[in-house]
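Okay, got some structures for you below.
Below are two complexes that have subunit A in common, paired first with subunit B and then with subunit C.
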Partner chain A sequence: MPEPAVAPSGSRAGSPAGRIVWRLRFALLFAVLAVLPYLLSYSQQEIAVLLVINVLLVSSYRLLTLTGEWSLGHVVIMGVGAYASALLAKRLGVPVPFSMLIGGCMAAATAAILSFPLFRMKGFYFLIGSFAAGEIIRLIWKRFTDPFGGPKGLKRIDAFPNIDTGFLSIDFYEPVNYYFLALIIVSISLFILYRIERSRIGLTFHAIHWQDRLAESIGVDTFRYRTLAFVIASFFAGIAGGLYAHYVGTVNPTRFGVDQMVYVLVWAIVGGTATFHGPILGVIVLTVINEIVLRGLGLDTARPLIYGAILILSVLYLPDGLESLGPKLRAWLQRRRRGPATAGGEAA
Partner chain B sequence: MDLLWQTAINAMYAASYMALIAVGLVMIFGVMGVINFAHGELYMAGAYCVVFLYAQEKFPFLVGVAAGLIFVGAIGLLMERGLFRPLRKNPLGGLIASIGFLLILQTLAVFGFGRRMGHVPPPTQGKIEIFGAILTYQRLFVIVAAILLLAALWAFLKRSKFGWALRACAQDAEAASLQGISMNQTARIAMFIGAALAGVAGALTAPLVSPTPYIGHSIIVTAFIIIIVGGIGSLEGAVIAAVLYAFVHTFVTTFFDGVIANIVGLALMFAVLVVRPTGLFGARERA
Partner chain C sequence: MRKTLDRKLSRRKFLGTTAASGAALAATGTGLSRVSFAAGHTIKIGFLAPFTGPVAAWGKPGYDGCLIWADWVNAKGGVKIGDKSYRIEFVGYDNEYDAGKAKTGATKLIKEDGVKFIMMLGGDTWPGVEKIAEREGMLFSTLLPSDLSPDTKTLVAPCEVHPIYNVTGVEWLAENKKNLKTAAICAQDDALGKPSVATYLAAFEAAGIKMVDAPLFFDPATTDFAPVMTKLLAKKPDILCLDTCYADYVHPLCEQAFQQGYKGQIISCTADFYQVIVEKTSKDFMEGFVFQFPDFDDPALNAKEVNFVNPNEFYAEYSKRYGAKEWSAVSWEYASIMDLWADAAGKAGSADPGPVLKAMKAGGTGKHAFGDAKWWGKELFGIDNALVGNWPVVVIEGGKAKIKAFKSIPAWWAKHSKLMIKHMTALGQMWNQR
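So, the complex of A and B:
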């Protein structure tokens, strides 16, 4: 897998000037994100909403991979959040924003329970164990029609309540408005995920990934930290599930199947999991390729084939993901610019 | 009593083709240390060989089966050369690449044959009755073929020089190559046999299952359960676990329903992973 993300090396925005540049970049990014939906058609706006939700999904997945474990159950965990939030709103009348939060907590609780059997395993065994656990949950949704609606799933899930306070009224049925709602929630979540990664806890995750025996020998309880990563990742996946359920209005077991998990894997791997922005880059680039190129050219049936080919090519030729392209390109340019000089220096 | 006996016979049939698939998967893992996620799609490719040659082009059924063996074996060689050899140092990468390959095979099957079920008329209509239970010739044929193929494989692995080399690589690849065993050659043979076994299983069962391009999913789940329960590197374990799993699954399907049977199967695998990750018959863990 991708080479070590060396423990995050301090803050990149060390100097005051650097900090201003970073703030400017963020301001620019948010300006683009704020203008973006108005440049898109209605159906593209809907895709933008799903893209924002998927950014949270894949970023939360990355937190789990920090400890070195690759789960195949993450999308099912997202589904736990979606089902929980939908059922709470439908059956018990819990107001939607709270049901989402509780849905996230349910996903986290599921992860906490699953971690006892799962973290007795490592590597392949963990991969297959998480796959089995996810499939069991999915089959339970399929089998038990009573709360879960069986193979057809849940329909007519309550939408996010509209805000109407006389002078301000926001209808979240409109994709643009839901886009901003999702953007705010996802931005906050990403900020938290980022802070966690840069904290002492995040450093410990890295340590467990690359040197688990060594970490244990200095008193790190690797089981607890693995569980912690799993629980936090699952909480945010559950939130993503809630955002999805109350936007689309239906959830069913197929929606959280292995195929969807494969897409998450592809995003993470094509983007590269060594840095925080890698998977986000992956999901954005592949979604844009998917929507613009494939749908535009009418290649919808060929979509899995192209995804498969991209996955294989990136594992073979770009094992560190798209994120490694930037530094590689920069190094190559620098070599070219300084080419003759360095060659001369070495000769001397 | 009749129902019990009939269910047992159905389980025998299920065990025979599942054993072929699982043994192939274990062989690939044993030599290359990579889990081939596309194994279910290799089964599917074998089934479509029969759909194409036997059901559409009207060749004899056995020609379809032979083509399934050779064609899918060739796909295996392609995977070995294109995916698993360059990724030998990176088993997780190999697994992920095989997921990519799975998507490609699936889409190609959709292009070639459409999404709908391929219909394959049964080559024989006959059936025999054993103590009141019915066993069609087609199923009997699968059982006999599976036993013969597994016996041949067993003899090959225990008697021939290749089999010797294969087992040596499975035990310790580095030591084996120090003895002058070619890793590439051994991996090729293992991959060919492993893939061909899945292809044959698909070809043999095509008239009984009505293949779709997406059939591989349920196959790979089953195969995972079997190899985990049997112990991930053990060929004998895979056969025994296939029989065990087939009986459990068939009986639960008959007396409850299919989804419950799948849940029970997965729970069985989960329990084995938790209690004894090396499987019921596995040796110690590979490094």
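So, the complex of A and C:
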């Protein structure tokens, strides 16, 4: 299983010139993201909405992996947020924006409770334990038709309320509008996740991953920090669940099954987890290949096969994930630039 | 250095060729559809079902059947609507049995492909599409009428009224094998399994057959069926009922029953790819296996009451194109819905969803694949959008499926509707409980 590396120092971004370059890059990225939906077809806008939600899911998952633990229950935790938000809006009439926030809190609370049994385990034991915990939650959704809707789940979930101020009218049924809503929420969430990783807490997460005994010996409460990572990651997974539930309008236990979790793992593994952008790269590239390129080529039934082949090839030839392509490319270009001189030197 | 250069060039060549091929493929695809549209005599029909994943057996074979239907209809000049004849083109979208992907697929089919009608498997995927259907007024069909409710006005179940037809198998069994007195049932714990269990419980009760135990619901993620079968057989039932299990479950369940020495009666809603089960078990073991979906080479389907056009030829063509072992419960179903749609469009003089729906339901009756039927369902689904009539009872004899009888669902309903409502209510499957 790939292991998250220590966060890069980011020294280049630290200098004033570096900061300007980074700001320009972000401005460019946001400009592209703002224009993007207008370049897409209607159904591709729908895919873009789900993609943005999945970016938050996989990024929140990465935060958990920083402490060295890989969970198989993250999608179920997303489901906790989705179910909580849907039920609050549907049954209690809580306004959707608040229900989504409370859904995130419910997911975080569930993680806090689960952390007591789960963090008594490590490594593969934690992996299996998280799977079992997730299955228990899914079985509860199935068993209790009231309020969870049983195997069929919940449908006709309240949509995000439209905005109509007379001069401004936004209908969130339209994927382009929901895309921007999701983009704003996900961008804020990613910023928070990024800041956490770069903070003292984030560095402690890394320390626990690499040297948990050493961290404990200098007074770090590893249980608390692992729990903290799990709770924060779960909060954002819950928010992703809320975004999903109020967009699609239905949730059911199958949607949050282990099949979906495998996708999250594949996105993280193919993208790489050493950098913040690695899993994001993974989910974007694989979604575009799976949902747009392969469907466009009429290879619907061959998609699982091709998807599997991509996973195998990436593990074989890109063990550090897609995120390693950039540095490799830069190194290759540098070698090319230096090539003749080096060759000359060597000849001399 | 030279080696590096060679490698570089070959990579460039490779990338260039790949990109060119991709572009050519994409251009060919879009180009063809544009030509079709330009002709102005093509009607597109959407097919939104799982082509991959565990439920693919109830999506992909149906799409394959539709392609045969389209080829035959187009070869005869297309569907006549008003003064013109229209070529039919199917546009498929694999929804992977996921509501989110079904939503995207429905959007694409309606907004980009301009389809006039969308056929779905339904189930978990319908709630993702419901709002689009309502907003766009698009006509949808489902194979699972448990999707129906008073709010789903543009959704019809014109072929398979799952799971209500399962009563016919139990009724036939009770009439023909009077020594069978007890039964045990299992199903996957999902939206397909539960209403089907309620139906079987009602049918067994109506037939005077007692359940030896409460229904056994297993998780859809189950892969080891040995303990499931051990528990089912523990109380020695006369009948083993496999409910509406997916093909991925029916096969291992049968293998387990065989390995654990079960020799009694088996009844199931489906037995997709049953030849494989016969190969894995034995002809003797599968002898007398009762289910609900015939092979269409059955001579009984040539009866004059049957409305499906050329069933034997359809089966032969299907077997020729895809192989006889690829025939599944749904291979003919979507095609039979198309017969009904084409008939309604012809009567309406329009392919638009509203007029077609009106023509389809005119007079409260319709031509179902297995005979004339009536639009029904108010008591069970809250809306009369399910077409119900006769349904075949199929039995495996000598390793081959044979229709033993066509039995009337409305006749059973007239006698036992209260039982059905009782069991549906107990499992929370009535439309107002869902």
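Things worth noting here:
Please note the rule applied: the second predicted complex is superposed on the first by the 330 of 348 C-alpha atoms of A that agree within 3 Å, B and C clash if a C-alpha of one lies under 4 Å from a C-alpha of the other, contacts with A are read in each partner's own complex, and residues count from 1 in each chain.
The rule we apply is simple: contacts are C-beta pairs under 8 Å (C-beta built on N, C-alpha and C of every residue); 3 or more make two chains touch, one makes a residue touch a chain.
Quick caveat, the model's predicted, so the values are computed rather than measured.
In this overlay on subunit A, subunit B clashes with subunit C.
Once the two complexes are overlaid on the shared chain, A:Arg255 sits against subunit C while remaining clear of subunit B.
In the superposed model, A:Gly308 lies in contact with subunit B only, and not with subunit C. When both complexes are overlaid on chain A, the residue A:Leu316 reaches subunit B alone and has no touch with subunit C. In the superposed model, A:Tyr244 lies in contact with subunit C only, and not with subunit B.
By the touch criterion stated above, A:Ser71 is placed in contact with neither subunit B nor subunit C.
Of the two partner chains placed by the overlay, neither subunit B nor subunit C lies in contact with A:Ser234. Of the two partner chains, subunit B is the only one touched by A:Pro117; subunit C is not.
When the two structures are aligned on the shared chain, A:Asp300 is found in touch with subunit C, with no touch to subunit B.
Legend: residue contacts after superposition of the two complexes on their common chain; A:Tyr125 is shown touching subunit B, with no touch to subunit C. In this superposition on chain A, the options for subunit C are 27-35, 207-215, 243-251 or 351-359, and subunit B clashes with just 243-251. Residues common to the contacts of subunit A with subunit B and with subunit C across the two structures: 135, 139, 142, 258, 301, 303-304.
Put simply, subunit B touches subunit A in their complex at residues 35, 83, 86-87, 90-93, 95-97, 99-104, 106-108, 110-111, 217, 221, 224-225, 228, 232, 257, 259-260, 262-263, 266-267, 269-270, 273-274, 277. Across the interface of their complex, subunit B is touched by residues 1, 70, 117, 120-121, 123-125, 127-129, 131-133, 135-136, 139-140, 142-143, 258, 262, 265-266, 269, 301-305, 307-312, 315-316, 319 of subunit A. Touching subunit A in their complex are the following residues of subunit C: 1, 22, 25-26, 29, 51-53, 60, 92-94, 97-100, 103-105, 107-108, 111-112, 124, 127-128, 130-131, 135, 189-191, 193-194, 219-221, 428, 433-434.
The touching residues of subunit A, when paired with subunit C in their complex, are 41-43, 46-47, 50, 135, 139, 142, 145-146, 149-153, 155-156, 159, 173, 175, 244, 247-250, 252, 254-255, 257-259, 291, 295-298, 300-301, 303-304, 343.
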